Amino acid sequence: MTVSAQALRASAADRSLVVEGLGKSYGEGEGAHEVLAELDLRVDPGELVCIVGPSGAGKTTLLRCLAGLMPATTGRVRYGETTVSRPQAEIAVVFQDYRGSLMPWMRVRDNVAFPLEGRGVGKAERRARAEEYLAAVGLTGVSEKYPWQLSGGMQQRVAIARALAYSAPVLLMDEPFGSLDAQTRFDLEDLTHRLRAELGVTIVLVTHDIDEAAYLGDRVVVLAGSPATVVDTVEIGLGSERDQLRTKADPRFAELRGRILTEIRSGRDAV
Amino acid sequence: MTMRQRFLTFARAALVQLWLPVVLIAAWWIASSSSTSFYFPPLSAILADLWQGLTGGDLLSATGYSLRNLLLGLLVALVAGVAVGVLLGLNKAVEAATRPMLDYARAVPHVAFVPVIIVALGLGWLPKVLLIALGCVWPILLNTVDGVRGISPQVLECTRAYRIPLRLVVRRVVLPACAPQAFAGLRVALQVGMVMLIVSEMYGSTTGIGFFVLQSGENYAVTDTWAGTVLIGGLGYLLSLVLLAAEQLSLGWYFQRQPARRRGAVRVPSTERAVAS
Amino acid sequence: MTVTRSASDLGADPVTRAGAPARARRRREHPFLARIAVFAAVLVVWELVRLTGIVPAGLVPSPLDVLGALPGVLGGAALWQELGATLSGALEGFAASLVVGVPLGLLIGRSKLAERSTRLVFDFVRSFPTIALLPVLLLLFGATTLMKSIVVFLACVWPVLLQTMYGCMRLDPAVEDTVRAYLIPRRLVYWRVILPNAVPFIATGVRLAATTSVLVAIAVEVLASVDGLGRAITDAQTGDATPTAYVYIFLGGVLGYLINKGAHAAERRLLRWRPPASGE
């Protein structure tokens, strides 16, 4: 890993991603559609926070605001002292639509190295870093292939490798495993856990899957209502070691997912 | 949005789209206004000539003649193209066997049939309709085949599972499903038809708008030539708008789908046959 | 019942199963014999229709006569001269349309304002049958090869320009988000994202223009008596040599077919990064 990447991560130690009174509406005047309202959230360095909510609850909108891809209507998002109104070098994003977000005309390696090229990193180092992170997500021998030659799960691994190679201290993931089959999803969930432990990145992951949220998160933030707002924050407290079989069979896990589900339902019925 | 806001949005969009055409026409008008060049008469004179031709002269009847031939030829091509296209599209083996023949037939320069057919059949309207139909049938036919082949196998299996009779399947499933593609073919066919129409009238005719522009040019009635050319441009644009409106009206289900899915569903016409000449 | 049938199907002659499916698929997709049969059937129907006498003799010659005229045309020097004249006119106009259309399309396609401003103008010109300009151009330039190239250029530049523009505009929203989120500098976005994304569209425009160029050249030759295949066809037909005219037309078809297939092959080579399904 390079010095600059280490420096970026070290300086992140005193930096949190904070959402203050965030509101977002589409359109203006009477016909405006309010999606998010009065939303507060804080993600500390090194945390893995899952945001869960029913479909249409504005999860993706929230994530786009966090990424600086979309301006807030009211309130603000800040990272440390910086207001996030544009995309930041410290924030990497993994999108749900892996098919669209990987450039089909670039080979896998070039896709991973592309953001580094944008930073002016030299060719040899770019390649080395791309290979390094492709290996880290469990992909070897595919760097010369084009994205369409890989399965969906492998493509999403490439997208994750790209985000990691960018060496941003914060990783935002928008329904990253939503369109994958169950088995692949489990593998990638475990990969996410492992990468968090090894690299110490802060992760915010948006999902509609309650099991996934409870299994992955240190905390789960429940969004519900219309406009959506935070109805609860659930401390998961299952430790950092998790296992698809044992964790999901744990009575505490069952209790947590029951609680989250109840909250989503009550939030829905309240409308 | 309030009424006022909606109006403002509309006005802004209209302004952005209209300024360039207005500027271009104004530039032509001003640049040619004092023109004494034999080849470039003033636009005002061209338009006056056009107006006179359409109200008193024989331009109106010539246009009517051309338009009737074009529509007849298109109609023949549409019926034949869709009928054969559905037949081929539903039968994989026949389609595979005829594919190279069709590809070749489409590649033949159909304008080259103009002298052959007109010399053999004379200057009347029938050879012209024949030529227009001959040029227009291929894009419609091949697009219809693609459209039928593009129907999801689940849909066809579903009709078989419910034992829906073939006639009904063709009428209620196959034809609507291939309609977007057939329309794309029709759009190309309209352009091909205009070309066939004009070439056939220029080659041998006693009336029609193509004849009018060529004849006036040969008689050095340059203002008439320009007026006829402007009229052809307007006619082509108008017809393409009519076709677009017909498409929007009859394919409501298709245009109301999410744009993303629409793009995925028929990638072919969007990159492939969107523009053809 | 379904179960038993599929089970027996699976058990059926496991030996031939191995290599057979691929061969069967090839036969299904490229049924060589069937294609020849279709070709022969077309010829037979053609001859039968002619024999019934419902079509005038000068319109449809016998396929045997057309075949008989073939060696004379192929052996003569005239064919190659006419072909050269048609191709050079088509090529000049086509090349000019690329030189003008691609850069202009890239320029306009990158700006929303430019695209919206030019929309109506382009909608108009693209529905305009270029050949209708012939009388005006005849007045200005006379019946010359330059005039032919100009008509070809005017017909070809729009597909190239418009397809290039579409290519620049149609960027996947997910790609757009990605380059924004990863702070990719504008120059790099242009060269590594917008341009490669536009290439398939440009290639389509180029292919359309290539086939159009020959068609338009022939049309001009037919109407304005400029040297080339078109004029050869007119001369043959007015000289009562209908079979010869048909030979020229069919050779024109071969030319168009080869250009189209060649352009497709070049496109596939150039766009190897695309999944095969999205090809054709």
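A, B and C label the chains in the order they appear, each numbered from 1.
Quick note on the criterion: contacts are C-beta pairs under 8 Å (C-beta built on N, C-alpha and C of every residue); 3 or more make two chains touch, one makes a residue touch a chain.
Worth saying up front: this structure is predicted, and the values here are computed from it rather than measured.
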Please name the chain that ends up farthest from chain C once chain centres are defined by their CA atoms averaged. A
Chain pair that, of all pairs, has the most C-beta pairs in contact: B-C
Rounded Å distance, chain B centre to chain C centre (Cα mean): 18
Distance between chain centroids, defined by C-alpha means - chain A, chain C (Å): 47
For chain C, residues that touch 2 or more chains besides their own: none
Chain A partner, complex, touching residues on chain C are 172-175, 177-178, 180-185, 188, 192-193, 196-197, 199, 272-275
Interface residues, chain B side, partner chain C - complex: 13, 16-21, 24, 39, 92-93, 96-101, 103-105, 107-117, 119-121, 190-191, 194-195, 197-199, 202-203, 210, 213-214, 216-218, 220, 222, 225-226, 228-229, 232-233, 236-237, 239-240, 267, 271-272, 274-277
Touching residues (chain side chain C, partner chain B) in the complex: 28-31, 34-35, 37-39, 42, 56, 58-59, 113, 116-121, 123-124, 126-136, 138-140, 155-156, 158-159, 162-163, 166, 200-201, 204-205, 208, 211-212, 214-216, 218-219, 222-223, 229-230, 233-234, 237-238, 242, 245-246, 248-250, 252-254, 256-257, 259-260, 278
Which residues of chain A touch chain C once you look at their complex with the stated criterion? 67-69, 87-89, 91-93, 95, 97, 99-101, 103-107, 114-115, 117-119, 146, 148, 162, 166
